[in-house]
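Below are two complexes that have subunit A in common, paired first with subunit B and then with subunit C.
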Partner chain A sequence: MHGRRTLGDHLVLAAVVLLAAIWVAPIAWIVGLSFKPNDELMRSTGHLLSPPFTLKNYADILGASSVFAWMLNSAVVAVGQTVLTLAVASAAGYGFARTSFPGKPVLFALTLAAFAVPEQAIIVPLHTLFAEADLHNTYAALILPRLAFPFGVLLMTQYFKAIPAEIEEAALLDNASRFKVFWRIALPLSLPAQATLGIYTFLHAWNDYFWPLVSATKPEMYTLTVGLASMQTNFAQTEGIGFLMAQAVFAGLPVLVLYLFFQRHIVTAVAGGAAK
Partner chain B sequence: MGGLVLRNVSKRFGPVGVIDDLSLEVGEGEFAVFLGPSGCGKSTLLRMVAGLETLSAGEIHLGRRRIDALAPGERGVAMVFQHYALYPHMTVRQNMGFGLRNVGMPATEVEAKIAQAAALLEIGDLLDRRPAQLSGGQRQRVAIGRAIVKQPEAFLFDEPLSNLDAALRARTRVELARLHQQVPSTMVFVTHDQMEAMTLATRIVVMNAGRIEQVGTPIEVYRRPATRFVAGFIGTPAMNFLPVAAVEAEGARATAVLADGMRVPTAIPATRLPAGPLTLGVRAEHVVAGQGSPAVVEVVEHLGERTLIHARLQDGSALVYAEPGDSALRAGDAATLQADGSAVHLFDGAGRAYHAGLNP
Partner chain C sequence: MSGAADVLAPGAAARPVAAASAAGVGRPSLLNLLFVLPYVMLMLGLVAVPVGFGLWLSFQDYDMLGGWNGSVGLANYVNLLSDRIFQGAVRNTLLFVAMTVPAFVGLGLFLALALNDGLRRSAVLRSVFFGSSVLSVTVVTLIWRLVYMPERGLLGTVLGAFGLPEVNLVADERLALLSVVIVTLWWIIGLPMTLFLAALQQIPREIYEAAALDNAGRARTLWSITLPSLKRTILLVAVIEAILQFQIFGQVLLITGGGPNNASRPVVQFIYEAGFRDWQLGFAAAASQVLFLLMLLAALGQLWLGRRQDRG
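On to the complex of A and B.
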């Protein structure tokens, strides 16, 4: 920093603080409610900062025998989806960016066309498909449908196209096979894009609710989102608000930790994948 | 080690012909420079030798092997690219060793070769840096080092100096010439910069529109350009071209009479000249001031060691001439100019050149 802050700087700062407060308020509200007894919240949610406080809501979550199993399921699904999506999107992206084969433009157009298909439109055929393959209530069912991720393919295609062809040609002259060029040159150089795509995929997989709800019908195969939702009693919105909020905080914690570790990459990812 | 032979090589991109039935031999240990304007096909030709472009027709041989069907890595060539093409995520050492490790060379041997090349190029203290931490000149040295460690039969350079600033370019040019003395491999160098071609080449291959215009030593190409294109492309300032109004035979020699009436008694045999329109070509240093046709000075360029004077003859033709050292002439001054007949060239309508003495 250099020079004195002008009035304009102060106004910008005030605006930023205001916006941040607007963003943080609901989260602070959730965290606050999660430490309040449910019976008090039934009467009023207005006394957020005054006692009594309780850890009972969190104890109830941890007391549910399945919650760590669900968390493990979520972790397996999220990590599996992330790793496999990166593999598929990188391979497909490299193919689209660097090789030529008959029908490439059509195939690429079809891949992009998948952007336009809403999830809800294909959920029934998808369910039927996995039912006939007898795959529901498996990790495969929770992971596989999400690997067809056109945005990932597009992102990687564009990124690989931006790597100077000369670098790969130099590697070809250095006796590297096409695969080695991909593995040792293109892939390491695409790390910023991999980070962007990986974070997107992980967050999406962790927060995913619709498909796991449809596919995982056995409680031991629930992901955290589906499992926590299943713990909600009837009238939870009135009788169990504190518990509901504790669930939200609990489900969000791993994402928060991830965010703290990969903050820089996430900011880049959200800024449009304009990684250096 | 071996020479490079291109036989009836053609390259088409769809309906567009880039290289048309080109044949060429580059001798073992020769420093051949492909010189030509942008888009003449010289880089494409080099990439075909490297295996980065396929041939539409023809054969390429290096040493005793036919290489045009081999993978780039198997051809025994190393290439230095215009934009260096270093692997950004690897250190200099890893960059230089990548190709060697790919052929399974033992680590100790790889290290020895890297050390040897690094010493030759004076980049020993850069080995653990990444390309992003190097200057342009240093990157270029690393790129050359990466080529040297492979001990290729032929080095291919694709405009490797064009990204360097003028001073560094001049210095690297000299270093490349020195390198060729120390590493006597066949070298093929692509450039559009005639200065690079003149200083580096043992032979220059002048290309235009996918064809070879002339192959010759730098002095041959400069003194006896085969075509009007070569004459105009080589040399700074470009050769002056003046339309010939009439040709008179004086003895066996032709005297060209220019449009403004200037008579230029040449050393070119009159009997060899074809019918039809001719153009006289004369370099700036072969225009003599103080005699001949009247002209008006338009622009004076003071270059220090010589002065270039752009003048206009009475018929409107432009003529550039050079005076050694400084000149007192200024724009608007009058001058009289005469082409030195012993050093002029004549070109026919097809661009073919006619010189004094032996003619094609």
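On to the complex of A and C.
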């Protein structure tokens, strides 16, 4: 498009490549550390590329780490939250976009207002309410609060509004019920939006930190993020840097693999989630 | 599939069209309320009620251990505003936003402009810059604590290789906040980059072709076509990042712990400590309201600035 390359192009490319190296280096560094014996790392971290190497840090995860249990908790919470969010948000989105019911303008206005409320503004009262209900340290407490956030509802409302109404009109004239039209016609047409919302919700749930930190206080109910955070105390004194890094790699790997496979969808979902 | 075929049976179109306008929205019916009912109950119970409860809490002497000791009027707010640590937390948060937002806009824009072509190389580089965003805050902080680790950390090792003295960012009062800024940029630069890339794709090619015919140089094209076309996106990214970065919490808690000497404690960490360590619920709720207000003001301020520029 622009003809031959100028000196400026080369400088920009050099800058971007240098930045990319800075982006990759920390990850390469900890992956390297995870394959080194802990006693060597106590003395020096300067010889990552020369032997001895070891797989012991990863083998230790199998025996001595709670990472598996935390990962299972994270999976239950993330999958549960994703499935329920899709169900709740799709139905509500369809209701707001296509049907009419008493109180609809008020409820939609409330939804827009709720959208502006950040998690931090309500985390103290929310925690107290769940404490009163004696629900902390349960999956329900970890899953429920995010289901109430209006982002998904607004996304689905927009999406259903953009689907041409003619298809549904024909079905309605044929005396199909509203629910049947939603279930058999509108829902299948909304699959792209479901994918976006599903990926966004899953990643958010998997990586969520603040709410699980205050709600799941028993180690057996920790999610992966909270569990990993609990290991970071007394960091400088730790004798198991390699072990710690192996757990970090192990914890980061599932999402990075997902990212490699579904990169385009994930980028769209994250960007769409932010731009709203 | 067969379901759609059922309801789209031939002949449907031949029926009277009188009720057809209904399909868009339809007659009001209590039954339709069922679609939104689960969400509405969740939203009322888990957002609306907590907002109201939080507002009420902020005027109470409510301690998780000591229980409820009645209303105290504005006392929580008064105590908050004269609290040195809270003042510092507000200052740190504003500083953090002031450092990260321009950096996210600038670096995100630079990367988007540099990588907005069809080359395979650019696609790979885009993946690199976006990839770290999918990691959770605790994996990110594990990585970066190792980078910042004194003596054996990556930063020290690299600086040492160039014969430079080691800087301990995390332990230095003046640099602790900067250390968190760097981690945050590294973590989520992918989002602003992606938003800018999407906006660049929206600029019609014809404009560039016309500029080429006019022999406009690269710099001039960038300055008079690309950047003006991105004005709305720049504002959007700034607002999104400001709202996100006001909520800074996990990175600080896990990297600097708010220290040294409170030099990097942000408002959300203050709320966390007041509410969930000291269990002073009324006090913490008041701090939450102040944060909410600050975020609202920042977002409105930026939108107002954007509007004014649009008109000017």
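Keep this in mind: the second predicted complex is superposed on the first by the 184 of 276 C-alpha atoms of A that agree within 3 Å, B and C clash if a C-alpha of one lies under 4 Å from a C-alpha of the other, contacts with A are read in each partner's own complex, and residues count from 1 in each chain.
We take it that a contact is a pair of C-beta atoms (placed from the backbone, for glycine too) under 8 Å apart; a residue touches a chain by one contact, two chains touch by 3 or more.
A quick note: this is a predicted structure, and the numbers were derived from the prediction, not measured.
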item	value
Which superposed partner A:Leu107 touches (first subunit B, second subunit C, both, neither)	second
Contacts of A:Ala141 with subunit B and subunit C, given as first, second, both or neither	neither
Subunit B versus subunit C as contact partner of A:Ile27, first or second or both or neither	second
Touching partner for A:Leu228 - first (subunit B), second (subunit C), both, neither	second
Touched partner set for A:Pro188, first subunit B, second subunit C, both or neither	both
Partner chain in contact with A:Pro164 - subunit B first, subunit C second, else both or neither	first
Which partner reaches more residues of subunit A (counting touched residues only), subunit B or subunit C	C
Touched partner set for A:Leu173, first subunit B, second subunit C, both or neither	both
Doubly contacted residues of subunit A, that is, touched by subunit B and again by subunit C	166-167, 169-174, 176, 180, 184-185, 188
Residues of subunit B defined as touching subunit A within the complex	50-52, 71-74, 77-79, 81-83, 85-89, 98-99, 102-103, 146, 150
Subunit A - residues contacting subunit C, complex	1-2, 6, 8, 12-13, 15-17, 19-20, 22-27, 29-30, 33, 41, 44-46, 87-89, 91-92, 94-96, 98-104, 107, 110-111, 114, 116-129, 144-145, 147-150, 153, 165-174, 176, 178, 180-185, 188, 203, 206-207, 209-210, 214, 224-226, 228-229, 232, 235-236, 241, 244-245, 248, 251-252, 255-256, 258-259, 263, 266-267, 270-271, 274-275
Residues of subunit C touching subunit A in the complex	3-4, 6-9, 12-13, 15-17, 19-20, 22-36, 38-40, 42-51, 53-54, 57, 64, 111, 114-115, 117, 125, 127-139, 141-147, 149-150, 152-154, 157, 186, 190-191, 194-195, 198, 208, 218, 236, 240, 243-244, 246-247, 249-250, 253-254, 268, 271-272, 275-276, 281, 284-285, 288-289, 291-292, 295-296
Contacting residues of subunit A [partner subunit B, same complex]	164, 166-167, 169-176, 180, 184-185, 188-189
